[in-house]
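Chain lettering (A, B, C and D) follows the sequence in which the chains are written, and residue indices restart at 1 in each chain.
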Amino acid sequence: MADPMKIRAANKDGVTEVKILMSHEMETGQRKDASGAIVPAHFISEVTATWNGKVVLQGEFGPAVSKNPYLAFKFKGGAKGEKVTVSWVDNKGDKRTDEGTIA
Amino acid sequence: MSMNEINARRDAMKKMGGMGFLGLLAAAGMITPQMALAAWNKGAFEAKTLADTLKALGAAGTPVESKDVVLNAPDIAENGAVVPVTVTSNLPHSQQVAILVEKNPNALAAQFMIPEGTEATITTRVKMGQTSDVFALVKSDGKFYIAKKEIKVTLGGCGG
Amino acid sequence: MRKQRRGTPHAAAKRMAGSLAALAALATLTGTPALAQDKSMDEIAKYREMLADGNPAELIEMRGEELWKTPRGPKNVSLEQCDLGLGPGKVEGAYAQLPRYFADAGKVMDVEARLVYCMQTQQGFSFAEATKNWYSKPGKESDLVALVTWVGAQSNGQKINVPVKHPKEAEMVKMGEYIFHRRSGPQDFGCSVCHGQDGVRIRLQDLDNLSQSKGAQKAMRTWPAYRVSQGTVWTMQRRLIDCMRQARWPEQKFPSDAVIALEMYLQNKAAGGVLESPGIKR
Amino acid sequence: MHHHTLRLLAAAVALTVSSALPLAAQAADKAPATSAKPAKADAVLAAKAEKLYLDSFDPDQPRTHLDRLKQDEAMALCSQYKDNPPPAVRAKIEKAQLETIRFPVEGRLVGDWKKGEELASSGRGGHIGKIQPDAKGTPRGGNCYACHQLATKEVAYGTIGPSLHNFGKVRGYGEDIARYAYMKVYNAQAFSACTNMPRFGYHAWLTPEQIADIVAFLMDPESPVNKD
């Protein structure tokens, strides 16, 4: 199973800022290994963030997003102690869901 | 429901049959079925040229350059593997934000759907194979707007 | 702009220089390149600032904490009783005081050497097993690096304070200094070539003068660090072993006593520097 | 050309570079040596440190790799005096190094600036070991940009050495300057003992012809070093 994400969420003046770090290799499909064979593409393709059952951000990544992707955004609403849930799925069908608590 | 439970439940559901990822989220009660219709835009991500990518994103023709689309990134990246980029749209009803790197093998790096209530400001990091123009594309009220910036990728350190 | 020192030219050279017509073109050398250089450095600063906001080393740190607490190895015990110098299981602040002399091992060890020692003596791993994945490669993260990252983070905000009480600690500082100035290889390199003067850079990267306290503090405060060019965390051992590779020298053993001596010398120079660990850099 | 004249020329050339360190002063910028001759205790420690150092390399690698740790006289003296030897030692090193310089068989000191530019830009070649070696047959570069500004279009240049932008334009395109540039790249320690600059020709890191190409990059009026 994939490694956990690190999710930070903080509310200020009614706006919640979310910062996410995802653990993923984000292989481009163009790199060669030591033996000269091409390492197949392996990357997070979809990311969804929800708060109170509502989608607050939906993203699609290609392999040009950097290794261990970072994503930051802001949404209106959110209160201290509430959860922000983030899920990703990659091009091989591997996936991960984690949550962060709004500070 | 704890995260481990969600992950376990998803794994269990995977075994039961091929529900899509968003379908699983919908089943877990996280999103409504209508939202789960979105899918990875293969055509756009696999397009080679900037023009083809824009076409696949539904922004055929030349999107209007707009001062209300702000692409914040350094002029020089010490390493092309990680180039920080923030796109901000000050246009009303910005629904979609995309980041494109013209000289990458596939121009589209990432795109985001911005629901009502979410600010049209996204920060992420992209790879750049070489010095290139980088574009921020924003869809606002059904029309596409664009901002451009050249980012130089330099040789770093000992250069070896 | 960096400060420049002008040497004292020989009197004869001065006379000769006066006769060189080239002097007339002197003015063209100052000005624009310097301005361009400042602009480049501003943009590099912006690049670094934007990176600092989200450090993927935190992901590796999380993994390190789990590895520390999970029973592993033939003896199926965790590392929670490992003594990193401040007593069994005391991790907070330990990294800031490493390398140091360990009486049980009879030698000066850095964080990696000590973790390897604990993996051998407490968890029952063989030396080969404990060291075989000592650095991370694409697609294969090192457990040892994750442990070092977590241990390092437990000294975040603490002052570097390496003990020089035991004679072997003092000797390692001196041997590190010797190695720092030793030049060899097909490029005549030594650590001092790049890191023995103030205010210079290689390509666009500032080079700290590691022979002085200020430069050593600046350099040593931010390791272990996530290196975006490598997509993973590098420890001080990995950093120094790669410096040696760049110097076109042969490859070190792991863990390397020469590297530990260098670390001892550098940490000693960096005393008082406040750790910001893990760092993030090119 | 006599050694004495060359020294003067070197110093004079250095003087014209106002935005850079005079070449001879580079070494003096380093930490001063604590004493002219190391004391006995220091010698004992040095021997111990040398052993610790050599023992720290992986013995499981080709002998030719481990040979890179051997020091010639200049290396040993520079290490001993922390790159700041006393005048007599400095003179001795420079004299010996001057004698090592060899010129291209064809006698052309100014080659092809385009090839020189490539060499100046490349920091590849010569990396050994198991972790991240260069691929077999990787050509060695001169990596001049790591330490010097040259053509202004390259923004990623280092400042360990002086700016060489407009090298020929400022100094003139004369034979003497070309000869000085060639000798400096071939063996910089002939002019400045214990300088940071590698001895590219002495170590056969670059061939005499490649050095002439680098000289062309510095000296050809058409080179971007002198044009932009």
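Please note the rule applied: contacts are C-beta pairs under 8 Å (C-beta built on N, C-alpha and C of every residue); 3 or more make two chains touch, one makes a residue touch a chain.
Keep in mind that this is a model prediction, so the values were computed, not measured.
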| item | value |
| --- | --- |
| Which of C-D and A-C has more C-beta contact pairs | C-D |
| Inter-chain centre distance, chain A versus chain C - centres from mean C-alpha coordinates, in Å | 31 |
| Centre-to-centre distance between chain D and chain C (centres being mean Cα positions), rounded to whole Å | 26 |
| Centre-to-centre distance between chain C and chain B (centres being mean Cα positions), rounded to whole Å | 35 |
| Centroid distance [mean C-alpha coordinates] between chain B and chain A, Å | 12 |
| Junction residues of chain C - those touching two or more other chains | 40, 53, 202-204, 228, 231, 246 |
| Interface hub residues of chain B, defined as touching at least two other chains | 76, 81-82, 84, 123, 154-156, 158-160 |
| Residues of chain A engaged with two or more neighbouring chains | 4, 66-67, 70, 72 |
| All pairs of touching chains, each written as two labels joined by a dash | A-B, A-C, B-C, B-D, C-D |
| Contact set on chain C toward chain B in their complex | 39-40, 43-44, 46-48, 50-51, 53, 202-205, 228-229, 231, 246, 282 |
| Chain A - residues contacting chain B, complex | 1, 4, 15, 26, 28, 30, 45-46, 48, 50, 53-67, 69-77, 85, 87, 89, 93, 95-99 |
| Interface residues, chain C side, partner chain A - complex | 53-56, 58-59, 62-63, 138-139, 228, 231 |
| Chain C to chain D touching residues, read off their complex | 2, 4-10, 12-14, 16-17, 20-23, 25-26, 28-30, 32-34, 36-37, 40, 135, 171, 174-175, 178-179, 181-190, 192-194, 196-204, 207, 211-212, 241-242, 245-246, 248-253, 256-259, 261 |
| For the chain A and chain C complex, residues of the former touching the latter | 3-6, 19, 21-23, 25, 27, 31, 39, 66-68, 70, 72 |
